[in-house]
Amino acid sequence: MKAVYFAWVRERIGATDEEIFPPETVRTVADLIGWLSAKGENYAYAFENAKTIRAAIDRTHVKHDAAIAGAREIAFFPPMTGG
Amino acid sequence: MKAVYFAWVRERIGATDEEIFPPETVRTVADLIGWLSAKGENYAYAFENAKTIRAAIDRTHVKHDAAIAGAREIAFFPPMTGG
Amino acid sequence: MGVDRRAHGFPSDARGGKPGTCNVRVQSEPFDVAVESAHLTAGRTDIGAIVTFTGLCRDEGGTLATLELEHYPGMAEEEISRVAQEALDRWPLMGLTAIHRYGKIAPGEPIVLVVTISAHRAAAFAAAEFLMDFLKTRAPFWKKERRVDGSSGDWVAARDDDDAAAERWSEG
Amino acid sequence: MGVDRRAHGFPSDARGGKPGTCNVRVQSEPFDVAVESAHLTAGRTDIGAIVTFTGLCRDEGGTLATLELEHYPGMAEEEISRVAQEALDRWPLMGLTAIHRYGKIAPGEPIVLVVTISAHRAAAFAAAEFLMDFLKTRAPFWKKERRVDGSSGDWVAARDDDDAAAERWSEG
(Lines give C-alpha, C1' and ligand atoms only; values in the text may rest on other atoms or scores of the structure.)
Protein backbone atom coordinates (compact mmCIF):
# COMPACT_ATOMS: atom_id res chain seq x y z
CA MET A 1 0.00 0.00 0.00
CA LYS A 2 1.00 3.61 -0.42
CA ALA A 3 1.65 5.85 2.57
CA VAL A 4 1.38 9.63 2.05
CA TYR A 5 2.45 12.35 4.44
CA PHE A 6 1.52 16.00 4.75
CA ALA A 7 2.68 19.18 6.50
CA TRP A 8 5.06 18.59 9.44
CA VAL A 9 4.56 14.83 9.31
CA ARG A 10 5.96 14.99 5.76
CA GLU A 11 8.78 17.31 6.82
CA ARG A 12 9.81 15.14 9.78
CA ILE A 13 9.75 11.90 7.79
CA GLY A 14 11.44 13.60 4.85
CA ALA A 15 9.21 12.09 2.18
CA THR A 16 5.89 12.90 0.53
CA ASP A 17 4.95 9.28 -0.04
CA GLU A 18 6.32 5.74 -0.20
CA GLU A 19 5.25 2.17 -0.79
CA ILE A 20 5.07 0.25 2.48
CA PHE A 21 4.75 -3.47 3.15
CA PRO A 22 3.62 -3.94 6.74
CA PRO A 23 3.36 -7.54 8.04
CA GLU A 24 -0.06 -9.11 8.57
CA THR A 25 0.13 -8.50 12.32
CA VAL A 26 -0.26 -4.78 11.57
CA ARG A 27 -4.06 -4.59 11.40
CA THR A 28 -5.14 -1.08 12.42
CA VAL A 29 -4.04 2.49 11.81
CA ALA A 30 -2.63 2.52 15.35
CA ASP A 31 -0.65 -0.65 14.60
CA LEU A 32 0.70 0.96 11.45
CA ILE A 33 1.78 4.10 13.32
CA GLY A 34 3.67 1.87 15.77
CA TRP A 35 5.27 -0.12 12.97
CA LEU A 36 6.29 3.03 11.04
CA SER A 37 7.68 4.65 14.22
CA ALA A 38 10.12 1.75 14.51
CA LYS A 39 11.49 2.37 11.00
CA GLY A 40 13.80 5.17 12.11
CA GLU A 41 14.29 8.31 14.15
CA ASN A 42 12.57 10.48 11.54
CA TYR A 43 9.44 8.32 11.78
CA ALA A 44 9.63 8.21 15.58
CA TYR A 45 9.82 12.02 15.60
CA ALA A 46 6.88 12.39 13.19
CA PHE A 47 4.69 10.10 15.27
CA GLU A 48 5.96 11.03 18.75
CA ASN A 49 2.54 12.34 19.77
CA ALA A 50 0.54 9.65 18.04
CA LYS A 51 -2.76 10.99 19.38
CA THR A 52 -2.40 14.27 17.48
CA ILE A 53 -1.85 12.48 14.17
CA ARG A 54 -4.84 12.26 11.82
CA ALA A 55 -5.23 9.49 9.27
CA ALA A 56 -7.21 8.93 6.09
CA ILE A 57 -7.70 5.68 4.22
CA ASP A 58 -8.33 6.10 0.52
CA ARG A 59 -9.10 9.81 1.06
CA THR A 60 -11.61 9.35 3.88
CA HIS A 61 -10.90 10.34 7.49
CA VAL A 62 -10.58 7.33 9.82
CA LYS A 63 -9.91 6.81 13.51
CA HIS A 64 -6.84 5.01 14.79
CA ASP A 65 -8.78 1.83 15.44
CA ALA A 66 -9.79 1.53 11.77
CA ALA A 67 -8.67 -1.63 9.96
CA ILE A 68 -6.15 -1.10 7.17
CA ALA A 69 -6.97 -4.26 5.25
CA GLY A 70 -7.67 -3.48 1.60
CA ALA A 71 -6.38 0.09 1.80
CA ARG A 72 -4.60 1.37 -1.28
CA GLU A 73 -3.53 4.72 0.18
CA ILE A 74 -3.07 5.67 3.82
CA ALA A 75 -2.37 9.29 4.67
CA PHE A 76 -0.94 10.74 7.87
CA PHE A 77 -1.09 14.42 8.72
CA PRO A 78 -1.49 16.94 11.57
CA PRO A 79 -4.90 18.42 12.46
CA MET A 80 -6.17 20.48 9.53
CA THR A 81 -5.73 24.25 9.50
CA GLY A 82 -7.50 25.28 6.31
CA GLY A 83 -10.40 27.66 5.99
CA MET B 1 -47.55 68.12 17.49
CA LYS B 2 -47.32 66.32 14.19
CA ALA B 3 -48.77 62.86 13.70
CA VAL B 4 -47.38 60.74 10.84
CA TYR B 5 -48.81 57.51 9.50
CA PHE B 6 -47.31 54.69 7.47
CA ALA B 7 -48.39 51.64 5.45
CA TRP B 8 -51.95 50.46 6.13
CA VAL B 9 -52.37 52.87 9.03
CA ARG B 10 -51.75 55.67 6.51
CA GLU B 11 -54.11 54.09 3.97
CA ARG B 12 -56.93 53.59 6.45
CA ILE B 13 -56.67 57.09 7.87
CA GLY B 14 -56.25 58.54 4.39
CA ALA B 15 -53.43 60.93 5.28
CA THR B 16 -49.65 60.80 5.52
CA ASP B 17 -49.43 63.34 8.32
CA GLU B 18 -51.34 66.05 10.14
CA GLU B 19 -51.01 68.55 12.97
CA ILE B 20 -52.92 67.36 16.03
CA PHE B 21 -53.89 69.20 19.21
CA PRO B 22 -54.82 66.63 21.85
CA PRO B 23 -56.09 67.95 25.22
CA GLU B 24 -53.84 67.76 28.30
CA THR B 25 -55.69 64.70 29.54
CA VAL B 26 -54.10 62.75 26.69
CA ARG B 27 -50.81 61.84 28.33
CA THR B 28 -49.55 58.58 26.81
CA VAL B 29 -49.32 56.97 23.39
CA ALA B 30 -52.22 54.71 24.40
CA ASP B 31 -54.29 57.78 25.36
CA LEU B 32 -53.49 59.35 22.00
CA ILE B 33 -54.56 56.22 20.11
CA GLY B 34 -57.86 56.33 21.97
CA TRP B 35 -58.31 60.03 21.27
CA LEU B 36 -57.48 59.64 17.57
CA SER B 37 -59.83 56.65 17.26
CA ALA B 38 -62.72 58.89 18.30
CA LYS B 39 -62.01 61.35 15.48
CA GLY B 40 -63.78 59.30 12.84
CA GLU B 41 -64.46 55.93 11.32
CA ASN B 42 -61.22 56.00 9.33
CA TYR B 43 -59.22 56.45 12.56
CA ALA B 44 -61.28 53.85 14.37
CA TYR B 45 -60.54 51.41 11.53
CA ALA B 46 -56.81 52.20 11.53
CA PHE B 47 -56.54 51.65 15.29
CA GLU B 48 -59.10 48.84 15.67
CA ASN B 49 -56.42 46.44 16.89
CA ALA B 50 -54.52 48.94 18.98
CA LYS B 51 -52.09 46.32 20.28
CA THR B 52 -50.69 45.67 16.82
CA ILE B 53 -49.93 49.35 16.23
CA ARG B 54 -46.33 50.47 16.72
CA ALA B 55 -45.43 54.01 17.68
CA ALA B 56 -42.35 56.20 17.52
CA ILE B 57 -41.79 59.55 19.20
CA ASP B 58 -39.33 61.79 17.40
CA ARG B 59 -38.08 58.83 15.38
CA THR B 60 -37.48 56.48 18.30
CA HIS B 61 -39.61 53.39 18.98
CA VAL B 62 -41.73 53.73 22.11
CA LYS B 63 -44.23 51.55 23.96
CA HIS B 64 -47.86 52.51 24.38
CA ASP B 65 -47.31 53.64 27.96
CA ALA B 66 -44.74 56.26 26.90
CA ALA B 67 -45.54 59.88 27.76
CA ILE B 68 -46.14 62.15 24.77
CA ALA B 69 -45.27 65.40 26.54
CA GLY B 70 -42.72 67.39 24.54
CA ALA B 71 -43.04 65.23 21.43
CA ARG B 72 -42.73 67.05 18.13
CA GLU B 73 -43.54 64.08 15.90
CA ILE B 74 -45.47 60.94 16.75
CA ALA B 75 -45.60 58.14 14.20
CA PHE B 76 -48.04 55.26 13.99
CA PHE B 77 -47.45 52.21 11.82
CA PRO B 78 -47.91 48.43 11.57
CA PRO B 79 -45.14 46.01 12.61
CA MET B 80 -42.16 46.49 10.31
CA THR B 81 -41.59 44.17 7.37
CA GLY B 82 -38.30 45.38 5.94
CA GLY B 83 -35.14 43.36 5.49
CA MET C 1 -41.04 60.33 0.70
CA GLY C 2 -38.51 61.11 -1.97
CA VAL C 3 -35.06 62.30 -1.09
CA ASP C 4 -32.19 59.89 -0.54
CA ARG C 5 -30.34 60.02 2.71
CA ARG C 6 -26.70 59.61 1.88
CA ALA C 7 -23.79 57.77 3.46
CA HIS C 8 -23.88 58.17 7.21
CA GLY C 9 -20.24 57.18 7.78
CA PHE C 10 -18.96 57.33 11.32
CA PRO C 11 -15.87 55.87 12.92
CA SER C 12 -16.09 53.00 15.36
CA ASP C 13 -13.63 51.53 17.79
CA ALA C 14 -12.71 48.03 16.69
CA ARG C 15 -11.67 47.15 20.27
CA GLY C 16 -8.03 48.04 20.21
CA GLY C 17 -7.49 47.67 16.47
CA LYS C 18 -7.54 50.42 13.87
CA PRO C 19 -10.81 52.31 13.94
CA GLY C 20 -13.37 50.60 11.71
CA THR C 21 -15.93 52.10 9.42
CA CYS C 22 -19.69 52.03 9.71
CA ASN C 23 -21.67 52.82 6.58
CA VAL C 24 -25.45 53.05 6.77
CA ARG C 25 -27.51 54.04 3.75
CA VAL C 26 -31.17 54.13 2.77
CA GLN C 27 -31.67 54.54 -0.96
CA SER C 28 -33.95 53.73 -3.86
CA GLU C 29 -31.19 52.67 -6.29
CA PRO C 30 -29.76 49.15 -6.38
CA PHE C 31 -26.40 48.52 -4.70
CA ASP C 32 -23.36 46.53 -5.77
CA VAL C 33 -22.17 43.98 -3.20
CA ALA C 34 -18.65 43.84 -4.68
CA VAL C 35 -18.25 47.62 -4.61
CA GLU C 36 -19.48 47.81 -1.01
CA SER C 37 -17.18 44.97 0.12
CA ALA C 38 -14.19 46.51 -1.64
CA HIS C 39 -14.93 49.89 -0.08
CA LEU C 40 -15.09 48.39 3.41
CA THR C 41 -11.89 46.36 3.09
CA ALA C 42 -9.80 48.81 1.03
CA GLY C 43 -6.17 49.13 2.10
CA ARG C 44 -6.43 46.66 5.00
CA THR C 45 -4.48 43.42 5.41
CA ASP C 46 -5.63 42.64 8.95
CA ILE C 47 -9.07 41.28 8.04
CA GLY C 48 -9.67 37.55 8.38
CA ALA C 49 -13.36 37.30 7.57
CA ILE C 50 -15.89 39.07 5.35
CA VAL C 51 -19.54 38.08 5.60
CA THR C 52 -22.09 39.53 3.19
CA PHE C 53 -25.83 39.06 3.37
CA THR C 54 -28.02 40.10 0.46
CA GLY C 55 -31.78 39.98 0.80
CA LEU C 56 -33.60 39.67 -2.53
CA CYS C 57 -37.15 40.17 -3.73
CA ARG C 58 -38.66 36.71 -4.41
CA ASP C 59 -41.17 36.16 -7.20
CA GLU C 60 -43.44 34.11 -4.90
CA GLY C 61 -44.01 31.36 -7.41
CA GLY C 62 -44.37 33.84 -10.26
CA THR C 63 -47.31 35.71 -8.71
CA LEU C 64 -45.40 38.83 -7.65
CA ALA C 65 -44.97 41.69 -10.13
CA THR C 66 -43.23 44.18 -7.83
CA LEU C 67 -42.74 44.94 -4.21
CA GLU C 68 -43.30 48.48 -2.99
CA LEU C 69 -41.22 49.35 0.00
CA GLU C 70 -42.45 52.26 2.07
CA HIS C 71 -40.15 53.70 4.70
CA TYR C 72 -40.03 56.38 7.38
CA PRO C 73 -37.41 58.82 6.05
CA GLY C 74 -35.00 59.92 8.71
CA MET C 75 -36.02 57.32 11.24
CA ALA C 76 -34.98 54.49 8.89
CA GLU C 77 -31.36 55.73 8.78
CA GLU C 78 -31.33 56.50 12.49
CA GLU C 79 -32.73 53.14 13.50
CA ILE C 80 -30.33 51.19 11.28
CA SER C 81 -27.47 53.27 12.69
CA ARG C 82 -28.57 52.41 16.24
CA VAL C 83 -28.63 48.70 15.38
CA ALA C 84 -25.23 49.04 13.66
CA GLN C 85 -23.75 50.71 16.73
CA GLU C 86 -25.08 47.88 18.90
CA ALA C 87 -23.35 45.36 16.64
CA LEU C 88 -20.08 47.31 16.87
CA ASP C 89 -20.39 47.41 20.66
CA ARG C 90 -21.10 43.67 20.90
CA TRP C 91 -18.52 42.16 18.54
CA PRO C 92 -14.90 43.00 17.66
CA LEU C 93 -15.70 44.18 14.14
CA MET C 94 -13.35 46.12 11.90
CA GLY C 95 -16.31 47.64 10.10
CA LEU C 96 -19.75 47.10 8.70
CA THR C 97 -22.03 48.32 5.96
CA ALA C 98 -25.83 48.22 6.03
CA ILE C 99 -27.90 49.39 3.05
CA HIS C 100 -31.69 49.20 2.74
CA ARG C 101 -33.63 50.15 -0.37
CA TYR C 102 -37.11 51.63 -0.67
CA GLY C 103 -39.52 52.16 -3.57
CA LYS C 104 -40.44 49.72 -6.34
CA ILE C 105 -38.40 46.54 -6.40
CA ALA C 106 -38.78 43.74 -8.96
CA PRO C 107 -38.33 39.99 -8.30
CA GLY C 108 -34.65 39.08 -8.35
CA GLU C 109 -33.56 42.57 -7.30
CA PRO C 110 -31.69 43.18 -4.04
CA ILE C 111 -33.50 44.84 -1.11
CA VAL C 112 -31.01 44.83 1.72
CA LEU C 113 -27.27 44.37 2.17
CA VAL C 114 -25.19 43.77 5.26
CA VAL C 115 -21.41 43.40 5.15
CA THR C 116 -19.34 42.70 8.26
CA ILE C 117 -15.56 42.42 8.55
CA SER C 118 -13.55 41.05 11.45
CA ALA C 119 -10.33 39.24 12.28
CA HIS C 120 -12.29 36.02 12.86
CA ARG C 121 -15.34 34.45 11.31
CA ALA C 122 -17.47 33.97 14.44
CA ALA C 123 -17.82 37.72 15.05
CA ALA C 124 -18.47 38.49 11.38
CA PHE C 125 -21.20 35.83 11.12
CA ALA C 126 -22.87 36.69 14.43
CA ALA C 127 -22.90 40.43 13.75
CA ALA C 128 -24.35 39.95 10.24
CA GLU C 129 -27.17 37.75 11.59
CA PHE C 130 -27.82 40.18 14.44
CA LEU C 131 -28.01 43.11 12.02
CA MET C 132 -30.49 41.28 9.78
CA ASP C 133 -32.65 40.13 12.68
CA PHE C 134 -32.93 43.70 13.94
CA LEU C 135 -33.32 45.32 10.55
CA LYS C 136 -36.30 43.00 10.07
CA THR C 137 -37.97 43.88 13.36
CA ARG C 138 -36.87 47.46 14.09
CA ALA C 139 -36.12 49.33 10.86
CA PRO C 140 -39.24 51.24 9.73
CA PHE C 141 -39.93 49.67 6.33
CA TRP C 142 -43.14 48.11 5.09
CA LYS C 143 -43.61 45.89 2.05
CA LYS C 144 -46.67 45.95 -0.19
CA GLU C 145 -47.10 43.36 -2.91
CA ARG C 146 -48.30 44.10 -6.44
CA ARG C 147 -49.49 40.94 -8.19
CA VAL C 148 -48.92 40.00 -11.82
CA ASP C 149 -52.71 39.71 -12.26
CA GLY C 150 -52.93 43.47 -11.68
CA SER C 151 -54.39 43.28 -8.19
CA SER C 152 -52.73 45.50 -5.67
CA GLY C 153 -52.07 42.66 -3.27
CA ASP C 154 -51.54 43.06 0.41
CA TRP C 155 -49.22 44.55 2.92
CA VAL C 156 -46.81 41.81 3.92
CA ALA C 157 -47.58 40.63 7.45
CA ALA C 158 -44.83 40.63 10.06
CA ARG C 159 -43.60 37.11 10.85
CA ASP C 160 -43.55 35.73 14.36
CA ASP C 161 -40.32 33.90 13.59
CA ASP C 162 -38.63 37.21 12.79
CA ASP C 163 -39.55 38.42 16.27
CA ALA C 164 -38.25 35.15 17.71
CA ALA C 165 -35.01 35.55 15.74
CA ALA C 166 -34.50 39.02 17.19
CA GLU C 167 -35.45 37.85 20.67
CA ARG C 168 -32.65 35.30 20.89
CA TRP C 169 -29.99 38.05 21.03
CA SER C 170 -31.32 39.30 24.37
CA GLU C 171 -30.32 36.11 26.21
CA GLY C 172 -27.16 36.06 28.29
CA MET D 1 0.77 18.53 -5.70
CA GLY D 2 0.26 20.59 -8.81
CA VAL D 3 -2.80 20.13 -10.93
CA ASP D 4 -6.04 21.99 -10.29
CA ARG D 5 -9.16 19.98 -9.75
CA ARG D 6 -11.90 21.77 -11.62
CA ALA D 7 -15.55 22.49 -10.95
CA HIS D 8 -17.23 19.48 -9.38
CA GLY D 9 -20.76 20.56 -10.19
CA PHE D 10 -23.56 18.23 -9.19
CA PRO D 11 -27.27 18.80 -8.90
CA SER D 12 -28.98 18.81 -5.55
CA ASP D 13 -32.60 18.63 -4.51
CA ALA D 14 -33.64 21.91 -2.92
CA ARG D 15 -36.48 20.11 -1.08
CA GLY D 16 -39.25 20.48 -3.56
CA GLY D 17 -37.91 23.54 -5.38
CA LYS D 18 -35.94 23.64 -8.61
CA PRO D 19 -32.80 21.56 -8.32
CA GLY D 20 -29.97 23.66 -6.92
CA THR D 21 -26.33 23.72 -7.83
CA CYS D 22 -23.34 22.65 -5.80
CA ASN D 23 -19.95 23.95 -6.92
CA VAL D 24 -16.82 22.76 -5.16
CA ARG D 25 -13.37 23.83 -6.32
CA VAL D 26 -9.81 23.60 -5.06
CA GLN D 27 -7.47 25.90 -6.92
CA SER D 28 -4.31 28.00 -6.61
CA GLU D 29 -5.69 31.09 -8.38
CA PRO D 30 -7.70 33.77 -6.57
CA PHE D 31 -11.48 33.77 -6.95
CA ASP D 32 -13.98 36.56 -7.53
CA VAL D 33 -16.85 36.63 -5.03
CA ALA D 34 -19.10 38.64 -7.36
CA VAL D 35 -18.58 36.23 -10.27
CA GLU D 36 -19.26 33.21 -8.06
CA SER D 37 -22.42 34.78 -6.58
CA ALA D 38 -23.69 35.78 -10.01
CA HIS D 39 -23.03 32.27 -11.34
CA LEU D 40 -24.97 30.68 -8.49
CA THR D 41 -27.97 32.98 -8.73
CA ALA D 42 -28.14 33.41 -12.53
CA GLY D 43 -31.63 33.31 -14.01
CA ARG D 44 -33.42 32.74 -10.70
CA THR D 45 -36.02 35.01 -9.11
CA ASP D 46 -37.00 32.66 -6.27
CA ILE D 47 -33.98 33.37 -4.05
CA GLY D 48 -34.54 35.40 -0.89
CA ALA D 49 -31.11 35.26 0.71
CA ILE D 50 -27.49 35.11 -0.40
CA VAL D 51 -24.78 34.70 2.21
CA THR D 52 -21.12 34.89 1.25
CA PHE D 53 -18.18 34.17 3.51
CA THR D 54 -14.67 35.09 2.41
CA GLY D 55 -11.71 34.03 4.53
CA LEU D 56 -8.64 36.20 4.02
CA CYS D 57 -4.95 35.90 4.82
CA ARG D 58 -4.18 38.27 7.74
CA ASP D 59 -0.83 40.06 8.01
CA GLU D 60 -0.55 39.16 11.73
CA GLY D 61 0.49 42.63 12.79
CA GLY D 62 2.77 43.03 9.79
CA THR D 63 4.93 39.98 10.63
CA LEU D 64 3.55 37.65 7.96
CA ALA D 65 5.11 37.69 4.47
CA THR D 66 3.13 34.84 2.94
CA LEU D 67 1.10 31.84 3.90
CA GLU D 68 1.83 28.53 2.20
CA LEU D 69 -1.18 26.30 2.00
CA GLU D 70 -0.47 22.62 1.51
CA HIS D 71 -3.35 20.34 0.61
CA TYR D 72 -4.12 16.70 -0.09
CA PRO D 73 -5.08 16.72 -3.78
CA GLY D 74 -8.14 14.64 -4.49
CA MET D 75 -9.15 14.26 -0.86
CA ALA D 76 -9.53 18.04 -0.48
CA GLU D 77 -12.20 18.18 -3.20
CA GLU D 78 -13.88 14.99 -1.97
CA GLU D 79 -14.02 16.10 1.64
CA ILE D 80 -15.39 19.54 0.79
CA SER D 81 -17.99 17.86 -1.45
CA ARG D 82 -19.01 15.59 1.44
CA VAL D 83 -19.43 18.59 3.75
CA ALA D 84 -21.35 20.42 1.00
CA GLN D 85 -23.69 17.46 0.57
CA GLU D 86 -24.32 17.41 4.31
CA ALA D 87 -25.27 21.09 4.18
CA LEU D 88 -27.65 20.44 1.26
CA ASP D 89 -29.23 17.56 3.20
CA ARG D 90 -29.65 19.63 6.36
CA TRP D 91 -31.01 22.94 5.04
CA PRO D 92 -33.42 23.89 2.22
CA LEU D 93 -30.73 25.48 0.05
CA MET D 94 -31.14 26.41 -3.58
CA GLY D 95 -27.41 26.05 -4.10
CA LEU D 96 -23.96 26.57 -2.70
CA THR D 97 -20.41 27.23 -3.80
CA ALA D 98 -17.29 26.33 -1.83
CA ILE D 99 -13.82 27.24 -3.10
CA HIS D 100 -10.55 26.68 -1.26
CA ARG D 101 -7.16 27.86 -2.49
CA TYR D 102 -3.74 26.29 -1.98
CA GLY D 103 -0.18 27.47 -2.60
CA LYS D 104 1.39 30.83 -1.73
CA ILE D 105 -1.06 33.43 -0.46
CA ALA D 106 -0.16 37.01 0.52
CA PRO D 107 -1.77 39.06 3.31
CA GLY D 108 -5.05 40.55 2.14
CA GLU D 109 -5.64 37.79 -0.41
CA PRO D 110 -8.65 35.49 -0.18
CA ILE D 111 -8.18 31.86 0.91
CA VAL D 112 -11.66 30.40 1.08
CA LEU D 113 -15.11 31.26 -0.20
CA VAL D 114 -18.52 29.92 0.72
CA VAL D 115 -21.72 31.15 -0.93
CA THR D 116 -25.15 29.83 0.06
CA ILE D 117 -28.53 30.70 -1.44
CA SER D 118 -31.97 29.98 -0.03
CA ALA D 119 -35.51 31.33 0.10
CA HIS D 120 -34.91 32.52 3.67
CA ARG D 121 -31.97 33.91 5.56
CA ALA D 122 -31.85 31.46 8.46
CA ALA D 123 -30.95 28.51 6.22
CA ALA D 124 -28.41 30.51 4.20
CA PHE D 125 -26.64 31.77 7.33
CA ALA D 126 -26.66 28.42 9.14
CA ALA D 127 -25.39 26.49 6.11
CA ALA D 128 -22.57 28.98 5.49
CA GLU D 129 -21.41 28.76 9.10
CA PHE D 130 -21.69 24.97 9.05
CA LEU D 131 -19.63 24.78 5.85
CA MET D 132 -16.90 26.99 7.29
CA ASP D 133 -16.78 25.12 10.61
CA PHE D 134 -16.32 21.83 8.78
CA LEU D 135 -13.94 23.14 6.14
CA LYS D 136 -11.77 24.28 9.05
CA THR D 137 -11.77 20.95 10.84
CA ARG D 138 -12.20 18.36 8.06
CA ALA D 139 -10.80 19.68 4.77
CA PRO D 140 -7.17 18.51 4.38
CA PHE D 141 -5.31 21.82 4.20
CA TRP D 142 -2.37 22.97 6.31
CA LYS D 143 -1.01 26.50 6.67
CA LYS D 144 2.66 27.35 7.05
CA GLU D 145 3.72 30.90 7.82
CA ARG D 146 6.65 32.68 6.15
CA ARG D 147 7.76 35.69 8.17
CA VAL D 148 8.83 39.08 6.82
CA ASP D 149 12.15 38.69 8.69
CA GLY D 150 12.97 35.80 6.35
CA SER D 151 12.43 33.01 8.89
CA SER D 152 10.33 30.14 7.68
CA GLY D 153 7.93 30.39 10.59
CA ASP D 154 5.76 27.60 11.82
CA TRP D 155 2.93 25.39 10.83
CA VAL D 156 -0.23 27.01 12.10
CA ALA D 157 -1.62 25.04 15.05
CA ALA D 158 -5.19 23.82 14.98
CA ARG D 159 -7.46 25.81 17.28
CA ASP D 160 -9.55 24.18 19.97
CA ASP D 161 -12.31 26.68 19.35
CA ASP D 162 -12.54 25.53 15.73
CA ASP D 163 -13.19 22.01 17.02
CA ALA D 164 -15.78 23.40 19.42
CA ALA D 165 -17.43 25.34 16.59
CA ALA D 166 -17.73 22.15 14.52
CA GLU D 167 -18.93 20.17 17.55
CA ARG D 168 -22.01 22.34 18.10
CA TRP D 169 -23.62 21.08 14.87
CA SER D 170 -23.85 17.54 16.24
CA GLU D 171 -26.37 18.51 18.92
CA GLY D 172 -30.04 17.80 18.43
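When the chains are written out, they are named A, B, C and D in that same order, and each has its own residue count from 1.
Definition applied: a residue touches a chain if its C-beta (ideal position, glycine included) is under 8 Å from a C-beta of that chain, and two chains touch if they have at least 3 such contacts.
Please read these numbers as outputs of a predicted model, since none were measured by experiment.
The minimum number of touch steps linking chain B to chain D comes to 2.
Note on chain placement: the centre of chain A and the centre of chain C lie 48 Å apart, centres being C-alpha means. We define each chain's centre as the mean of its Cα atoms; on that basis chain B and chain C are separated by 26 Å. Note: centroid distance chain A to chain B, computed from Cα atoms, is 72 Å.
Annotation for chain C: residues touching 2 or more other chains are 55, 121, 132. The set of chain A residues touching two or more other chains comprises 83.
Contact annotation for chain pairs lists A-D, B-C, C-D, with touch applied as defined. Residues 33-34, 37, 44-59, 61, 107-108, 119, 121-122, 124-125, 128-129, 132, 161, 165 of chain D are the ones that touch chain C when the two sit in their complex. Taken in their complex, chain B has these residues touching chain C: 4, 6-8, 56, 59-61, 75, 77-83.
Every residue of chain C that touches chain B in the complex is listed here, in rising order: 55, 69-72, 74-75, 78-79, 100, 111-112, 132, 135-144, 155-158, 162.
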